[in-house]
């Protein structure tokens, strides 16, 4: 049987995500880099007590709709609907305004583990690459070092950082094929290829599904081996 | 002034490599993946007591000439001319025949640190990425664990592996531009992008130099920031 | 040294590779070592889609080409030129071993000098030469979900290769899942080595004579199915 | 609190950004933070080629576009759309921070709440809100070869921002190399803070009044060169 990782709908793609799951969500700050339709489907499913791993905590669909985004949901959909128990995150709040995550945080309704962005990326990669832990200088002399093992290597002080293991990674790519090979577009690459393969199950939301062999083998960013499911965004705007 | 990392000749590219330097050499097993002209130039320079970091220790130019290789030198040119003091290497000898490296090894004329291939790649990457050390399960219960710190993380035993820091990385790419952006061709990618940026100075031997902007930004494998010098192979066969 | 070696016909390299390939399930990502393992690529059961990984940075490559006919920039880890195939992709060495070490390979197939009853593997140090090449073998042995060893059941001199304890340098301890030899198929389990299949004409008793540790004969032990 | 604040004119954001850009040498790879640092991209001295890195995975991007005119898949870390430019390339987040942590950036420019006389940096915890965003600031502060801080010399209330000891959460200790403010340019050295330039109309004494630690006035301390 030909390998076929393509699933028909977003609801089907997230059907086995249960309450309490650890979920990685790809992308960076702007919504175009994020798996918006997967986030919507996950929210529709009504899961609770998620631990999320993401760069940011969301601005909210309204902000992105104003900018004309076709698929406007970011992490905020999980935040505002109370689906998150704990967030492992690099950029949780905004200097510019108070987002919903900050409100929950102040109200003591969500736990947070704030991680420097590069360390977050490396901890995610470590999970994918079978690395048991690694040492970085980043965080020495700051609150980040609290509770962590320190080690001097070659005269410099380092902190031990551990892999972040997750049940599901929800990512967004530009194009994908039935083997799960993926390419991205511009700066919407970010955490998406880093998270691909870092969770037990990786689900990729793509703008377009192409035939096997259409993607240039020299330009494929995520080898299909890291991807378990591929689901395409609708060509037309969904009804509001 | 426009950034220009292109140097005119192989001799110029390796002019500052001194006796006793630590040198990474990209590629895998077949000569087409290797920086053959840089190796020739380095040999011509007559350096001694090198520590080399490479996947293999070479088959020798004769083997590759028989296969019609236009640029036939591999690691063997440094081996047979006695330029290596110590080799950090994954695949030093061949099951099929006795190479020159094995002869030196048996004669006690070269030191060796044999490293599992994936650990070698990761140690090289660690140097590039500012990682002070990392834990892998690979090597537990084997000779590889000798003298290394062990640690149990999440119930599994790991070995601490350290970055390999080098003075120069000699790599081979398919095309490069004046910023040092590189693309590779097929399976000749291997250790080349891994080593790019892992040494103090990275020198890339390319089949072709192209204008800035000619390489597809989505398909560039090695960002120019990792590369210090780019030198092109001659279009015509050099005189034998 | 095993006494009284049965003089029955053994499977050849091609047939061993064919038996290896029967282990490949639809969609499996498989790394094939040099030698007999590499031949298994030619025997993928009809209708199954298997994706081959090679540690030099390629997934999804096609058949091995005839010598001299391939593109030298498209080789497997053994240096054989292979064909382009739809879905193929290339990556760096660190990424390649992120795939290996990270547990993303379904199956790794390699040769061995010795396998112990606990599944310890010794396959990198050439015994008679006291030198060796680790290459990717350790990472593969530690990382693959399932490790299949394919080898002759005994040495040329008739010595055991399936042993109580390896006396060569270990590639990895307790890593082998299945041993396919020229006379048998043996599964490594927590209870010990389970003999599941024998070559045509061979009995479990014959195989035991050429195997140092005690074999557990599977209730449904049968002749190796080759078609 | 600094007593007796001089009421002289201070540099505006654009001019501060212009002064920052004078630090960029030919071929430098530079990461610009959000705000004033980002503006520096517009003031690269004529004839110099500077390569900008943004932590969301891009090197060598072009100018910031007018709002609404850009490609949303081509943004800097602040979410502003930027132009395509020859030599640009994209990469993943782990690769992006391999560049940062690995010491491949020549210069990182960011804002701050406080900088200490030892070069300690506090710039992630919004003081009045007791929440903050670390983002890429820590990695950049630890990783860049040269860290330039650009900020107003004092708070809106007139409090010191260049202090003996930061009382906000640290982003990184001993990391700042150069401080460019709306009234001065100060280098962080092992001997202490060296005042190298003052804004037009300001004296070293004026700047000292607004600076908690004792400044060492450079022998050649001069007016900030703006053209």
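Each chain gets a letter, A, B, C and D, in the order it is written, and its residues are counted from 1.
FYI, contacts are C-beta pairs under 8 Å (C-beta built on N, C-alpha and C of every residue); 3 or more make two chains touch, one makes a residue touch a chain.
Keep in mind the model is a prediction, meaning the values are calculated, not measured.
Enquirer: What chains, if any, are shared contacts of subunit B and subunit D?
Expert: Touching subunit B as well as subunit D, we find A.
Enquirer: With contacts defined as at the top, give the pair, B-C or A-C, that has more of them.
Expert: The greater number of contacts lies at B-C.
Enquirer: Could you work out how far the Cα centre of subunit C sits from that of subunit D, in whole Å?
Expert: 57
Enquirer: Return the distance between the CA-based centres of subunit A and subunit B, expressed in whole Å.
Expert: 34
Enquirer: For subunit B and subunit C, let me know how many angstrom lie between their CA-based centres, rounded off.
Expert: Using C-alpha averages as centres, the distance is 29 Å.
Enquirer: Distance between subunit A and subunit C based on Cα centroids, please, to the nearest Å.
Expert: About 37 Å separates the centre of subunit A from that of subunit C.
Enquirer: Residues of subunit D that touch two or more other chains: which are they?
Expert: Touching at least two other chains: 90-91, 97, 100-101, 143.
Enquirer: Indicate the residues of subunit B shared as contacts by at least two other chains.
Expert: 122, 125, 129-131, 136-137, 184-186, 217-218
Enquirer: Linking chains that touch, what shape results: line, ring, star, complete or other?
Expert: Topology of touching chains reads as other, fitting no named class.
Enquirer: Okay, what are all the chain pairs that touch?
Expert: So the chains that touch one another pair up as A-B, A-C, A-D, B-C, B-D.
Enquirer: Considering the complex alone, what residue numbers of subunit D touch subunit A?
Expert: 34, 54-58, 71-77, 79, 90-94, 96-97, 100-101, 120, 126, 129, 131-139, 142-143, 169-174
Enquirer: Where on subunit A is subunit B touching in the complex?
Expert: 122, 126, 129-137, 151, 153-154, 156, 158, 162, 183-186, 216-219
Enquirer: Which of the residues in subunit A come into contact with subunit D in the complex?
Expert: By the definition above, subunit A touches subunit D via 28-30, 32-33, 55, 67, 69, 90-95, 98, 102, 105-106, 114-119, 121-122, 124-125, 136-144, 184-194, 221.
Enquirer: Give the list of subunit C residues in touch with subunit A in this complex.
Expert: For subunit C paired with subunit A, touching residues are 26-27, 29, 47-49, 51, 53, 59-60, 84-91, 95, 97-105, 143.
Enquirer: Given the complex with subunit D, which residues does subunit B contribute to the contact?
Expert: 1-3, 125, 127-131, 177, 179, 181, 197, 211-213, 215, 217-218, 220, 223-226
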